[in-house]
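There are two complexes below, and they share subunit A, which is joined by subunit B in the first and by subunit C in the second.
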Partner chain A sequence: MSLLRGMLLALLACLFIYPLERLLSLPFFVPSPGGIDSHAYLNSLGLAVLVGLIVAPLGALFAHALEVLKGRAVLALGFALWVLFLAPGYVLTTGWLVIFTSPVARNSAFGHAFLDVGGLIFLYCLKALPFAAFVARATFAQASSSLAEAAIVLGVIPWRRRLLALRLALPAIAASFTIAAIETIQEFGIPATLGVTTKFPIITYAIYQRLNTTPTDFAGAAALCWWLILTAGLLAVMQLSVQARHQAALTHGRARRNPPRDCAASETMLFGGSAALLWLLGVAAPMLALIDTALSGDISATDMLDSVPRSLGYGMLAASLALALGVIVLKLKAGRARWFPALLQVLLSANMAVPGLILGAGYVIAFNNDFLPLYGTVLLLIIAYTAAALPIAIRLMGTAIGQLDKKLDEAARIFALPSFVRLIDIEAALLAKPGLYAWLLVTASVMYELPISELLYVPGATPLGVAIVSADMMAEYGQAARLALLGLLSLGVLAAVLSVALNFVTRQQPETEAVP
Partner chain B sequence: MRRLFAGVVVAVIVVIGAVLLWPAPDAGLVVYSGLDYGPTVAAAFTKETGIKVDIVRLSTGSLLARIASQGHHPAWDLAWFDGATAAMSLDQAGLLAHHLPAPTNLNATGKTMLSSQGAYIPTGMTLAGVFIYDPARLATPPTSWSDLTQPAYQGQVGMNDPSISGPTYPMLAGMLSNAGGWPQGQNYVEALKADGLHMFDKNDATLAALQSQAISLAIVQSSAAVYFAAAHPALKVIFPSPAFALPNVMVEAAGLKDRQRADAAKFMAFVMRPDIQKLRQTHGEADGDYWPITTDAPAPLPGLPGLGTLDTVTLDPARWGGLESAINSWFAKAMTDS
Partner chain C sequence: MSASLTITGVSRKLGQRLVLKDISLTLGQGQFLVLAGESGSGKTTLLRLASGLDRADTGSIHIHGRLVDDAKAAFVPADKRKLAMVFQDFALWPHLSCLENVALATPPDTANRNAAAMALLDRLGVAAVARRRPAQLSGGQQQRVGIARALAAKPHLLLLDEPLSSLDMETRIKLRDELLETVREAGISALLVSHDPEDCWQLADHVAVLEGGVIRQHGAPRDLWMHPASAYIARFTGAAGGLSVPVVDGALEIGGALIRIPDKITTPRGKLFWRDGGVRMSGDGTGIAAEAISTHFDAGKFRVRWKVPGLPQPLVTFEPEPVSTGPGHIVINPEKFLLFTE
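Right, the complex of A and B next:
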C-alpha cells in the first residue's frame, strides 16, 4: 500500500510540482527580454478588488437568501447562479459582442462603456457572482439560528438585529470577496475575447501573450505568474484571518438550523428582481444573440466544425482519467497513514490556487526536452486537462465515496464475492449517479477549457475553445456562435443519453428467489 | 446488465482514447502555413508527387510563436509565411536550416530578397502596410506615412498588433525606418498613439473595425486590403509612399533527415512553378493578391498595380529581424502607456 501511495504521489508530483517548478524558477535564472511591466498586474488587481467589492455583499446576500428562504424567486435565483457558474466566460462575452456588432449599439454610450473597461467589469461581476454566493453559502450553512432567536427574546429592535446579522455575516462577505477577487484576477476567457486588453492590459492575457506571440518570453511570463499566485495567496490569507477572527461568532457550538421559510413580499420582489436581471443580462441576452447570429448567414460555410467532436472526445477522455485517478486517490487516502492525506491536501490545494494558464505554461517548458518531448502532442494536452481537472474531480467524488458504508465491502468479502463483482455491482452501482454528474461536469469544463487549450493544442487539431476565440478575433461571430451552441447541444445530448441509460441500468430490480 | 453497461462505457472511452492518441502514420512533410493557399498547394503537390503533406494552417504570429516554443524539438519541417524579418529572427535563434535551394528564374526584385545564408527562400511579395479607407467618412485620405499625424486623421486610424499579427512587424519596422530609424522613429509612433491610433489583433479584426465604422482608415497588409476592397467596393486602397516590401518566405527546420530535406526541396521548387503560382493566386483568397517574383510567373491579379508604379522599399531583414524583440516590446509598452 505504501508503494502504491508513493507511486501516486510521484505521479502527482510529475503532474503538478515538476512543471510548476520548471516555470516558476525561470525568473531567478533567466532575465526577461521584454522586462516586467506592472501595468497589466495593477490593472488586474484594481479590477479584482473592484469586482470583489461589488460582488461580495451581493454574493453574501444571495447566499443568505438561498440558505434561509424558499419560494420561486429564490429557486430562480439559485438556478440563474448555477447557469452562470457553468457558462464559459468567453461564450457569454461572445454573445455580448454579437449584440455590439450593430453600429447603433456599438456607437451608443452603453456600447462605448461596454467595449471599454466597463464591459470587463460587468462580465467579471457576472462570472464572479456565483462563486461568491456559493462560497458564502457554505459559511451561512454552518450558522446557528440561536443568535437570532436570542435577539428576539431579548427584544432587540429590528434595525439593530439587522446590524448584528451584518456583522455576523462578515466571514461570509470576506469569503465572497476573496473568491470573487481571485476568480477575477485569474480569469482568462473574458479578457481573451473582449479585445479591449490591447488598450487595457490584463495580467492573464499578458502572460498568454508572452507565451504565444512573438517574441516569446517565458521568463517574463513566469514572473507575472508569480505575481498572480502571490496575490491569490495573499487574498486567501486575508480571508482566513477574517474567518478565524469572526467565524466563532457565527458558528458557535452545535449549529441548529431552522427550515427555510417563505419569502416576504419585499424579499420576493428583491430576489425575484435579482433573478430576472441575472437571467436577462447574464443568460438571455447573450444566448439569444448567439442563437440569432448562429442561424443567420451561411451555416454550411462554418469552419472548424471538427473542433466540437474533438473537444467532446478530449473532455470525455480527460474526465474519465481524472475521475479514475480521483477515486484511486480517495481510496488510498482512506488508509491509516497520516502523512499521505496531508501531503495530498497540500498538493491539491496548491493546484487549486494555480490557474490553468500557469499549469499550461509549466507544461510547455517541462515537457519540451530530450527526456520528455511531449510538447505538441495530443497526449500532453490530455494529461494537462486531466491534471487541471483532478482537484475538482476529487472534490466531486469525495462526498459520494465518503458516504459508502465500509460494512458493504466487509460483507461482500465475508461472502467471498470476487473483487470484480464488488467493484461493479456494489461500488460502481452506488457511485453511478454522483459519478455521472461529476463526469459530465468535468467533461463540460474540459470541453470549453481555454487557457490550457490555447497553450498546448496540437496545430491542425484545434479544440473548441480555441476555435471559438479565433473566430471572435476575426469578428466571425456567426461561426463562433454556431460552434458554441453545437458544443452545448452535443453536451446536452450526451447528458440525456447517459442519464437515460443509467436510470435503466440502476433501476430497482425485482427480487428473485434465491436458488439453493 | 450492469456489467454490460460498464463494459460498453469502458470500451467507448478506450476507443475514444485510441482515436485521439493513436500515433499518426508517417505524415510526410509537416508544413506550417500562415498563407491561405498553403492547403491547396499541398494537396496539388501530394497529388502529383505522392509525397504526403500534413499542412497546418495557423495565423503568422501564432505560427512563429509555436516554432519558437518548440525550439530545438521541431514538430514541423517547413514553414511558409509573410516576413523575411521574422525568418531572420528564427534563424538568429538557430532554429532554421541553411543553404536552401534558391528559386530559379527570380526577377530583379526577387533576387534582392534572397537570404545570404539560404536560411529562407522568397516565394512572392506583398506590401507590409497600405491604407484602406472609407471615402464616405474620410474625404481626403493620406498618401504618405507622415500625413497620418495630421489632425484630420485623429482617432480615425487603426492598425494590427505586431505581437499577434505576423505581417505587422515589418510594417512597424518600415514606419520606424521611414521616420529616422531605430530608436529615432519612436517619436513618430508615439505621435500616432497620441493622435488616437487604434490597435486590433489582426488584419481581419482591423478590417472588421473599418466596416463597423469604429475607424475610418485601416493600415493592413496589401493582400488583405485589396481582397477586402474587392468585396466592399465602397472602400478604397491607397499604396503609401514609400511602401515596405513584405516577401512571403519558406523556411526549413534545422536538423531534418536527408529524405525529408529532399522532399522539402521538391516542395520549395513546386510552389514556384508558373502553374502552381496561378493556383496560389486563384485559390489563395486574400493571400492570392501577391506580386510574383519569378520571370516566368503569371501576371499579378487585376486589383494590384504594377510594382514599377509604386515607391517600394525593402528593409534589411537581418538588422530589423534582430530588433524585432526589442521593438515589439517597446511598442506594446508605448501603446499601453497613458
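Right, the complex of A and C next:
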C-alpha cells in the first residue's frame, strides 16, 4: 500500500506540482519583457468584489429558501440555479451577444450598458450566483432549526431577532462572497468573449494573451498568475476566519432540522419572481437567441462540426480517467496512514484554488522541452483535462462513497466474499448511479472546457470551446450557436442512453414465489 | 385560578399522517408535567403546538386562561405567549457568549440585564464560563446555560424538549435535580417531553403518556405505576416481562396450571408483565415445574432465566444467590401480575 501511495503522490506531483512550480518560479528568474501592468488585475479585483457584494446576500437568501422552504417556486429556483451552474460562461455570453446583434437591442440603453462593463457584471453575477447559493446552503444545512425558534419562543424582540438571524447567516454570506469573488476573478469564458468585445482588460484574458500572442511573455503571465492565486488565497483565508468565528454548527448535542415548510404568499412571490427572472435572463433569453440564430443561417455551411464529437470523446476519456484515478485516491485515502489524507487534502485544495488557465499555462512550459516533448499532442491535452477534473471527480465520488455504510464492505469481508464479487456486486452496484452522474458532470465540464483547450489544443483538431469562441470572435454567431447547441444535444443523448442502460442493468428483479 | 396550560381536542396532521388525535390535557399552576411516549408518538409535535411554533388543525389551546390557538382565527405567536423553552440540542446562539445568550433573553425592561443574567448563570453554577462561547463548554454546561436562558425570559410556562437526553448519565442525574429545584424556586409550571422513566419518577407531579397520537393515560406517577393502561406504560413504569401467554376462560395458562389474575381480558392471548416479586424461585419444591437455563449477576442480584412448558419465551426471576441450572420450581403471585390485550 505504501508503494501505491508513493506512486500516487508521484503522479499527482507530476500532474500538479511540477508544472505549477515551473510556471510560478519564472518571475523570480526571468524578467518580463512587457513589464507588469496592474490595470487588468485591478479591473478584475474590482469586478470580483462588486460581484461578491451583489451576489453574496442573494446567494445566502436563496440558499436559506432552498434549505427551509418547499413548493413550486423554490423548486423552480433550485432548478434554475443548477442550469446556470452547468451552463458554460461563454455559451451564456454568446446567447446574449446574439440578442445584441439586433440594432434595436444594441442601441437601447440596456444594449449600451450590456456591451460595456455592465454586461460583464451582469454575466459574472449570473454565473457566480449558483456557486454562492450552493456554498451558503451547505453552511445553513449545519445550523439547527432550534436557534431561530429559541429566539421566537424566548420573546426576543423582532429587530433583535432579525439581527440575530443576520449574525447567524454571516458565515453563509461570507462563504457566498468568497466563492463568488473567486469564481469571478478566475472566470475565463466571459472575458474571452464579452471582455474582448468591450475591450475591458481582465486578468485571465491578459494571462492568456501573454501566453498566446507573439512574442510570448511567460514570465509576465506567471507574475499575473501569482496575483490571481494570492488574491484567491487571501479571500479564502478571510472566509475561513469568518467561518471559524461565526460557525453555527453545534459542537454538542445534535442539530435539529425541521422539515421544509410551505412558502407564505410573500415568499412564493419573492422566490417565484426570482426563479422566473433567472430562467428568463439566464436560460430562456440566451437559449432562444441561440436556437433562433442557429436555425436561421445556412446550416450545411457550419464549419468545425467535428469539434463536437471530438470534445465529447475528450470529455468521456478524461472523465473516465479522472474518476478512476479519483476512486483509487479515495481508496488509498481510507487507509490507516494519517499523513496521506492530510497531504492529499493540501494538494487537492491547492489545485482547486488554481484555475484551469494557470494549470494549462504550467503545462505549456513544463511539457515543452527535450525531456518531455508532449506539447502539441492530444496526450498532453487529455492529461491536462484529467488533472483539472481530478479535484471535482474526487469530491463527487467522495460524496457518493462517503454515503456507503462501511459495514456493508465489512460484512462482505466477514462472509469471505472474493474481492471481485465485493467490487462488482456491492460497491459498483451501489455506486453505479452516483458514479454515472459524476461521470456525466465531468464529461460535460471537460467538453465545454475553454482555457486549457485554448492553450493546449492540437492545431487542426479544434476542441468545441475553442471553436465556439473563435466563431464569436469572427461574429459568426450562427455557427457558434449551432456548435453550442449540437454539443448540448449530444450530451443530452449520451445522458439519456446511459441512464436507460443503467436502469436496465440495475433494475430490481421481480420477486418470485418460493418453491415449497 | 386558571390552569397554566389547557389543551382541548387538539389534532394535528403532518403530511398524510395524523400525528395528534383529539388531545385534551391540563397543566395546573406550578405543576411539573412530564409528557412521555415512544419516538414518533407525537410528543414534540404537541410541545411545538403549545409553544406556538406550529398551529393546531382542530381544537384549542389556552395558556393561563388566555386563548392562544383555536385552529381558526385566534393565534398568538410564540413570542407573545410569555413562555420559554429548553431545547434538546441546547440551541444556544453560537456567536454570542453564554452571558450574552442569557442577557438577550432577559426582558428589555429589566433594570440591569447583564447583572440579572449573571445572577442566573451563578445560580446554575456556570458563572465561571459566562464569557465563553457555547462551543467551548461541555454538554452539561451548555444545557445549564440553556436553562438559565429560559428562566431569564421570566416565563409563566416553561417547555422542555428532552433537555437531558443528549447528556451523559452523571450529568443527567445532577442536572435533573438542579432543574427541579430551580423550577420549584421560580414557581413556574413546566411541561417536559421525555422518554426516560427517571424523569417521570424524579420530576413529575403528573405524567401524560402519548401512544400513537392519543393520550393513553394521564395521572400521578403512582397512579401510572399502580394501574398502567397499556403494555408500554407497564414497561415504562418498570414492570418486568412482556411475555405472550395463552388465556383460557379469563385465566392464564402457565406450565400447565391455570392462574386467575385480577386483570381481565377477553382475547385468546395476552401480554403479561409483573412487578417485583410477581415471579420467584420456589425453595421448597412447590409451585410450577420449570428449568433454570442460565444465571447471571445483575446489579447486586442474580438474574435467572427459566424455561416453562407452554411458554414461548423464558421467564426471568431475580434471586439473592446464584441458582444452578437444571430442573426447579417457580412460584407465581398473581396479585403482582399485569395483563394486557395482545
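One rule holds in what follows: the second predicted complex is superposed on the first by the 480 of 516 C-alpha atoms of A that agree within 3 Å, B and C clash if a C-alpha of one lies under 4 Å from a C-alpha of the other, contacts with A are read in each partner's own complex, and residues count from 1 in each chain.
The criterion applied here is as follows: a contact is a pair of C-beta atoms (placed from the backbone, for glycine too) under 8 Å apart; a residue touches a chain by one contact, two chains touch by 3 or more.
Not measured: the values here are computed from a predicted model.
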{"item": "Joint occupancy of subunit A by subunit B and subunit C, clash or fit", "value": "fit"}
{"item": "Partner chain in contact with A:Ser300 - subunit B first, subunit C second, else both or neither", "value": "neither"}
{"item": "Which superposed partner A:Arg167 touches (first subunit B, second subunit C, both, neither)", "value": "second"}
{"item": "Touching partner for A:Val153 - first (subunit B), second (subunit C), both, neither", "value": "second"}
{"item": "When both partners are placed on the shared chain, which of subunit B and subunit C touches more of subunit A", "value": "B"}
{"item": "First, second, both or neither for A:Ser266, with subunit B first and subunit C second", "value": "neither"}
{"item": "Which superposed partner A:Ser419 touches (first subunit B, second subunit C, both, neither)", "value": "neither"}
{"item": "Nearest-approach distance, in Å, of subunit C Cα atoms to those of subunit B in the combined model", "value": "39"}
{"item": "Subunit B partner contacts - residues on subunit A that touch it in the complex", "value": "33-35, 37, 39, 101, 103, 106-107, 195, 198-201, 209, 211-216, 310, 313-314, 316-317, 320, 364, 368-370, 373, 375-376, 378-379, 382, 424-425, 428-429, 459-460, 470, 473-476, 501-502, 505-506"}
{"item": "Residue ranges of subunit A touching subunit C (in the complex, touch as defined)", "value": "144, 146-147, 149-158, 160-161, 164, 167-168, 170, 245-256, 259"}
{"item": "List of subunit B residues in touch with subunit A within their complex", "value": "1-3, 5-6, 13, 16-17, 19-21, 32, 54-59, 61-62, 64-66, 68-71, 73, 75, 86, 89, 161, 163-164, 166, 169, 199-202, 204-205, 208, 212-214, 324-326, 328-329, 332-333, 335-337"}
{"item": "List of subunit C residues in touch with subunit A within their complex", "value": "14, 51-53, 77-85, 87-95, 104-105, 107-108, 134-135, 137-139, 142, 149-150, 152-153, 159, 166"}
